[in-house]
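In order of appearance the chains are A, B, C, D, E and F, and numbering begins at 1 in each one.
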Amino acid sequence: MQHLIILPVLLPLLTGVALLIHRGGALTLRRTANVLSTIALVVVGILLVAASTDDTIRYYALGDWQPPFGIILVLDRLSALMVLVTSLLALGSLLYACAGDDEQGSNFHGLFQLQLMGINGAFLTGDLFNLFVFFEVLLIASYALLMHGGGKARTHAGFHYVTLNLLGSMLFLIALGILYGTMGTLNMADMSAVVPTLDTADLGLVKAGALLLLIVFGLKAAMLPLYFWLPRAYAAAPAPVAALFAIMTKVGIYSIIRVYTLIFGEQAGPLANLAQPWIWWLGLATLALGAVGVLSARDMRTQVAYLILVSVGTLLAGIGMHNEAALGALLYYLIHTTLVSGGLFLLVDAIAQQRGKAGARIVQSRTLTQPATLGLLFFAAAIAMAGLPPLSGAFGKALLLQAATTAQQYWLWPILLGSGLASLIALSRTGSTIFWRASGEKTGITLGPLRVTATLILIGGAPLMVAFAGPITAFTQATAAQLLDRDAYVESIIARDDTGGDA
Amino acid sequence: MIALYTLMEGIIAFFLIAGSIFALIGSLGLARMKDFYMRLHGPSKISTLGVGCVLLASIAYFSLLDSGPSLQELLITIFLFITAPVSAHLLSKSALHQKLERDPRTRGNPQELQEDDDEHTSEESPQGSSKLP
Amino acid sequence: MEALFATTTGILAASGLYLALRGRTFPVVVGLTLLSYAVNLFLFSTGGLTTDGSAVIGDGGGEYADPLPQALVLTAIVIGFAMTAFSVILAMRVRGDVGSDHVNGNRVDEPREDKS
Amino acid sequence: MLDFALKVSVVLFAIAVILNLYRVAVGPSLPDRILALDTMYVNSIALIVLFGIWLGHRTYFEAALLIAMLGFVSTVAVCKYLLRGDIIE
Amino acid sequence: MSLLLIVLLPLLGSLLPLLGSNQRRHQCALLTAAMPLIALLVTLRETPGVLAGEVPRLAFSWVPALGLDLALRLDGLSLLFVLLILGIGLLIILYARHYLAEADNMPRFYAYLMLFMTSMLGIVMADNLILLWMFWELTSLSSFLLIGFWSHQSAPRKGARMALAVTGMGGLALLAGFILIGQIVGSFDMQTVLDSRDVILADPRYLPALLLVLLGAFTKSAQFPFQFWLPQAMAAPTPVSAFLHSATMVKAGVFLLARLHPALAGSQEWLYLVSLTGLVTMLYGAYFALTKLDLKAILAYSTVSHLGLITMLFGFNSQMALVAGLFHILNHATFKAALFMTAGIVDHECGTRDIRKLKGLWRYMPMTTALATITAASMAGFPLLNGFLSKEMMLTESLETPLLGGLAWLIPALATVASILSAAYALRFVRNTFFDGKPRDLKKTPHEAPFLLRLPVLVLAIVCVVVGLFPALTATGLLTAATDAAMTMPAPEPHLSIWHGFNLPLLMSTIALLGGLLVYVLRQHLFAFHRQFASRDSLAIFENAVQRLVRFTQWAIDTLENGSLQRYMLWVVISALVVAGMSLMGIETLKGELATQEASPLIIVGAVITCFAGLATAFLHRRRLISLIMLSVVGLMASLIFARFSAPDLALTQLAVEVVTVILLMLALFFLPQKTPKESSASRIVRDVLLAAGFGGVVASLNYALLTRPLNSISDFFLENSVPGGGGHNVVNVILVDFRGFDTLGEITVLCIAGIGIYKLLNRLRLFMPSSDSEGRPWSPDRYPMILASVSQSLLPMALLVSVFIFLRGHNAPGGGFIAGLVTAVALILMYIAHGVEWAQQRLSFQYQPIAVAGVAIAALTGVGSWAFGYPFLTSSFGHFHIPLIGDMELATALLFDLGVYLTVVGATLMILANLGKVTTSHRPSKQKEKA
Amino acid sequence: MIRPRKWLPMPLLSVLLLIVWLLLMNSIALGHWLLGGFLAIVIPLITKPFWEEQPRIKKPWLMVRYFFRVLLDIVVANLEASKVILDPRGRARPAFVEYSLEVQENFTITMLASTITLTPGTVSAHLRMDGKTLLIHALDVDDIDDMKRHIHERYERTLKEIFEC
């Protein structure tokens, strides 16, 4: 139990390593190992969430080096939640992949686990440089997975994705350099403790570092104007990978939340909440642009990619609102959008397979082999993504709308509601084209039970999140409260009896 | 004792100065000789020797004035003397391959530098288009 | 010396960025490599410039360079290497799949520039 | 005396490196540039060693050793490139 | 609990038909009807109590954060609607059973219908604003499915989409309005809201809230100017039209007006907005109903008109008007549902609904004709029928409204005009369809429809008559209860009676009927007038608008995302420049407190060389190999800089990595063009130079500022604890393998994944293989120069020895697993260069991927090992062991960790380079192989 | 001399490695002897496959003599070359010389080529693929035949004696 916190990193690492040590081997065995490990990860995620509900912030000192000197993993409500969401998404994606996508190239299963390791590490770490390292782990794994199966579109989108992220990594290092060079520490809690005591002469520098971090995280989160890699990369990725990628933008979102509540939050003295105004406007812009993109999409995958952009914008706007209710609301929305957009990627792939030559393009095509099943799932996913009741998207949006202050309402309400309407119009067009305008011979390709299960697990999240909206929102609201209680966080991590980094 | 020390210092200083002068001459040769083949001479032997001298100086310094006998730098020296001719050889090979101009006074006309009538194929023809197994 | 160091870092960063903004894959990769050299120097220097005092306990005098940025840069170098390797092979793959080494992915090797 | 010799030595090597750089920059041929780069590697070894003597400890021995080894490999690789295009075939 | 049943039973009912099959339609219909029937019985059981003034309520907490409770109520208003929904719903089920064709998927139809019924019931019973909104949106969604039921046709698809877009928009506005109300009141609980009228009306947010709520209500009820979607929704099967577009969904809008009447009504805003909208809609609908040729279109516009009428009444802020409106809701539902069903029967029997083709059907279907006549008469406001009653009440109220002040006479006048038109189109509907000669060009010979298809119409017609004759007996109780619920104060007892004596409203009614007759007779003049205006199909307009919107968005996105990486990079750079630049501008002086050190000449030379080489790399980039050589110079200089500033480990690493990188870049360059074409425009170059300079300036400024500021860092801890805590003298290495070993674990994972990813990339790579160099020279035939081969084989053992040396020393002196690994890898690569892939592969019996992965595994398992001793992951342990003969030996678990690093580096590097080399070689055209 | 065995395939290399190890460690403590000995055995075992052919030194003492001769020549060569480089008038007399090889084994040829590069005024520029002709570039040579003879007598013959007889 003591080592539970590190399991989300270690379990995928060891599984991944075991799967990669030989390139060949029985596929069934690999699949089984991967699925079992991912299920175990779900269990770990549940246990972590359960552990986090007592509102104590626990940390795991790697190498037994206490903070702020050693690297720590921190378990609070947010990190536990993110790990759980990741593992659920992973399970869905993985089951889908096991229906055949994993055979399209080499080493899928091992890379998949390492991807999870990177993501979970990023969510858990309490050290800013370690966050960089895990960013790189998850990026390199995502590069490899993006290329899974090959193809011109993937290569090309991949190059853009890789190059932009390389530039992002450089900026991350510069920002880290600035922050270390001024604060003398890397532990985020310690940074939080140091920030208010900073010399005025250093404030501008720290601000530069903090805002550069925003560029870096914004790039990951696909914030305008840094989102350009997203539509093509997501549209080009193999379906299960694209589904798993639904959490990638959330890594950026998570980092933004973490850094700008913990380090540069309310208590940061002159630097308090320095990023929120940026995040607010850029988030709204992203939201609007995402809506435009959703309408413009000629292809279902691209459409889902823009839906992700819409959700990113929504989340960013929520962060920009910087109040507790908004934070809690956006966390609820985050769970919803991650699971459902992941499921939608899978679904779109399944639909495309049954449409013959038309694939994912939004044009008239053959009748689907299983119009009822796919139609029902699409209907549900579309409702959820567009933010209509009775599915979870509506709750998320309603919570956010409620959380807006009067001044924020003028911007948030029309844009958020308008984007919902745009999604509704676009998705109804897509749905009616795909399911209603179809005619002609069926391809006969059917959706296997594995794929149905996978898609159901993810899209099923939408009704489940409605049914259990009470406890879930209670959790996310408590998470928001915990996030804003910076003192408690810092106190539970930094025992101030040594000569640490704070001046 | 002081005399001995001075002597040792003198030896080291000699190696240092000699080495650096050699290295400079080597690089000077590189900078001012007329054609590539002539430029090759300086770096490939003079510079190597120059650095060798500095390494000897270092051996002498640490063995005589610092922490007792130490021959580690010998390894680098040996390594340099083994590899420098190979580098020079490969470089001149590529120079000949590229048929670099030689100084007009150079005697001898090796076949490598004679113009042959090989047809020049275009830069990039997509030949390796077959898929790997 | 500080100004000189900073200028060097800046010039390397500028050169790297200029290359990274070119239109062909190879210069872009070279540019990012150059940029990473600059960034590594930058990150390294955040611990200050110590001219005599490598962080090996017992070596030399009592003053030691800040070992932490060095360790960070080491990690960054290795990661940068992995990323460069991947991107350069990807650049080859782009050429193989798309037939052009233009970053914007024209089908043929023709000069092209977007009008942005 | 040693101090002076060291200083002279460093200056001479620095000039040598600048001369190398000159050749790297102006070429005119690729072998010229590679040769100059190789020489620069060799001169760097000397500079590192001189620095070690200056500091009075041998922390930099490995660096010198590695420059020698890696500089060679790098030169070999470029030459192979000029000769065959394909370094590893 | 019974309230929950009323809502949940139909929901369950939406699943039941799916159990039935399309073949056994009877069973399917029965299954479907069962649940609403039970719900109706449950409702009836509650009815007496409700009529007596009880308001059964039920509430479960659902999402407190959202203010959402699962709260239901059954007050009079709810009851009125529940009875309508369930009652007419059951008739529709019966009707649809016989109406739908064999090809139609009946279970699916019923499932949608029941889903719709559930959401309708939810709306009228919701006791929480958010809950109401949820059901509200659900009606939009389920009606989308119902309208688009005949999805193989274009019109239903488009009609469904339009309806969804319009009502969806209204729904979103409604949510905003509800949230505003909730914020004003502080609760979403219905009763609290209804009791807070004074607070709401006094709040500055009242008007926006009202506008938003009305937007929702008006779109749903097809009020002007949102009326256009309703006629297009007629593409739905007729049972749907009858249910949704007469009795229920469109009524949701007016229901909402009634429901929130106690909370929102009473203001001038309400009066003008609601009643004028209603008035306009009433006239608009009536006019268009008269001009339409399709039976269902006539009825649709008629519905628009009647909904306008109801809206107008609700807007009057008067209690009696409210009663009239509610009464008309009931009456309209009955006669309009019946008329729709009649239209469906005609369509069913004749194959057309075109009023020009239909004539004299009374001969073929007398029963239907009778029913249609009765219900149409009710619609026209013919005495003794229920429509007459409410219409007369409307006329009465129109006389009493304070609206328009001095022009108040306009209201009754216009109401009368609308009634005239109403009478005219009712007459036209009946006469042109069932009388007036013989039918022409019918596809089939019509005859009377099956009885069960007519039965629902019959039931409704009876209701029309009975209510018309005995209003007090049948409707008073229900209306009183409903009005009660829709009023702030106890409602007056409505006096429902057929005869109020001779008065103005009666005169107006008479004028309406006679005027209607006149208009009907003179209708051709009206049509001629109407034909002057180009008919505009709202569906086409809407589709066109959406398509233009989509094309605009496509243009916008294509313009923004032009596929140019250069532009995307530009944005990132600009963003970084903006934020960093702005922050830097806030700094007073760049220079900090720290005294600067003087630069020695050597350092100046080094800096100059570095800068020169860096710039040269950039400006010579079009000649790629030269650029690469310049990059090498920078790499070498960087490592010298590291060495100069006391970072031997960094110097070593930088050096090794730089060499491997250059080899890698050269390997890749073989397939890429050797030169970059000159393609950047001058302006582009200037722009990029400026940007790069700006970026460099920012980096330099930041760097300078940091260098001149003192730093109080945690590093002292590492220096102090490296030896006692980490067992190593080389602090950097101890940080890497111990203090921050977790970073290193991640770092080697990255390296390992990169190797594997590259292996994936190289798989089936198609390559363009140059057969000559960039100057057109064929390659040298000498593949493996002998002297190189000969020397390199003797260097390998030496290099391995050196790597062992560097590896072992790492913990205490510069070195370590990473550098050792690179040295090994480079030595092996030299073998590949000197002898080729095949030769080297034969001699290396191991594969690289397992090596690299095993490295990560060793590092990770070393970390796990500390669990056995009760320590966290990666806790190192070390000790001095006295081994006989050898002496003191220091062993640390960190060494094992470092071994993992070593293996990963060797494995990954070779995986990258050797695999790349292999790919290229196997593609080398055979004729090139040995030319000489 | 040490005889090659299965576990000691290249005894000379092993000795060399041990020496190098001790050089690297800069210590002759027993531990280093043991570790060095271990490496001296293991590394040749690992790298054995990479040796195409093993040089056999037939006359070790001659080799030592050769070594010192070359060392001396290097110094002389450098002084001469420096003179040419520093000559302000640049009156060098460069030449390409085709030198026919008598030695045949790869290792010997390599040794000779390296020696030529390191010693007076010559760089072994190219070994033709037949392995029989070495193209030499001389920086400042008077009589080409004289130079060839010098090389043959001073270096090639000795090398042949050491390795190939």
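Just so it is clear, a residue touches a chain if its C-beta (ideal position, glycine included) is under 8 Å from a C-beta of that chain, and two chains touch if they have at least 3 such contacts.
By chain, with names taken from UniProt: C = Na+/H+ antiporter subunit C.
Being a predicted model, the structure only gives us computed values, none of them experimental.
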item: Shared interface partners, meaning chains that touch chain A and chain B; value: E
item: Steps in the shortest chain-to-chain touch route ending at chain E and beginning at chain B; value: 1
item: Chain pair, A-E or A-C, that carries the greater number of C-beta contacts; value: A-E
item: Far-end chain from chain A, centres as C-alpha averages; value: F
item: Inter-chain centre distance, chain A versus chain F - centres from mean C-alpha coordinates, in Å; value: 62
item: Rounded Å distance between chain C and chain D, as computed from the means of their C-alpha atoms; value: 21
item: Between chain C and chain B, distance of the C-alpha-averaged centres to the nearest whole Å; value: 29
item: Computed distance of Cα centres, chain F from chain C, in Å; value: 40
item: Sites on chain B at which at least two other chains make contact; value: 28, 40, 48, 70, 72, 75, 79, 82-84, 86, 89-90, 92-95, 97-98
item: Chain A, residues touching no fewer than two other chains; value: 129, 133, 136, 140, 143-144, 147, 150, 159-160, 163, 167, 174, 177-178, 180-181, 186
item: Residues of chain C engaged with two or more neighbouring chains; value: 20, 25, 28, 40, 42, 45-47, 52, 54, 56, 59, 68, 72, 75, 79-80, 82-84, 86, 90-91, 93, 96-97, 103, 105
item: Every chain pair in contact, whichever chains are involved; value: A-C, A-E, B-D, B-E, B-F, C-D, C-E, D-E, E-F
item: For the chain B and chain D complex, residues of the former touching the latter; value: 6, 9-10, 12-14, 16-17, 19-21, 23-24, 26-28, 30-31, 36, 39-40, 43, 47-48, 50-51, 54-55, 57-58, 61-62, 66, 70, 72-73, 75-76, 79-80, 83-84, 86-87, 90-95, 97-98, 100
item: Chain E - residues contacting chain C, complex; value: 562-567, 569-570, 573, 596-600, 603-604, 607, 610-611, 614-615, 617-618, 621, 624, 627-628, 631, 634-635, 638, 641-642, 644-650, 653-654, 657, 660-661, 664-665, 668-669, 671-673, 676-681, 684, 688-689, 691-693, 695-704, 706-708, 711, 713-715, 718-719, 722-723, 729-732, 735-736, 739-740, 743-744, 747-748, 750-751, 753-754, 757-758, 761-762, 765-768, 812-814, 818, 905, 908, 912, 916
item: Interface residues, chain A side, partner chain E - complex; value: 2-3, 6, 10, 13-14, 17-18, 20-23, 60-65, 68-71, 105-107, 110-111, 114, 117-118, 121, 129-130, 133-134, 136-137, 140-141, 143-144, 147-148, 150, 159-160, 163-164, 167-168, 171, 174, 177-178, 180-182, 184-187, 190, 201-205, 207-208, 211-212, 214-215, 218-219, 225-226, 228-229, 231-232, 278, 289, 292-293, 295-296, 298, 325, 328-329, 332, 372, 379, 383, 388-390, 394-395, 398-399, 401-402, 413, 417, 420-421, 424-426, 428-429, 432, 435-437, 439, 469-470, 473-474, 476-477, 498-503
item: Touch list for chain D against partner chain C, complex; value: 55-57, 59
item: Chain B-facing residues of chain E, complex; value: 673-674, 763-772, 774-778, 780, 782, 785, 787-788, 791, 794-795, 798, 919, 922-925
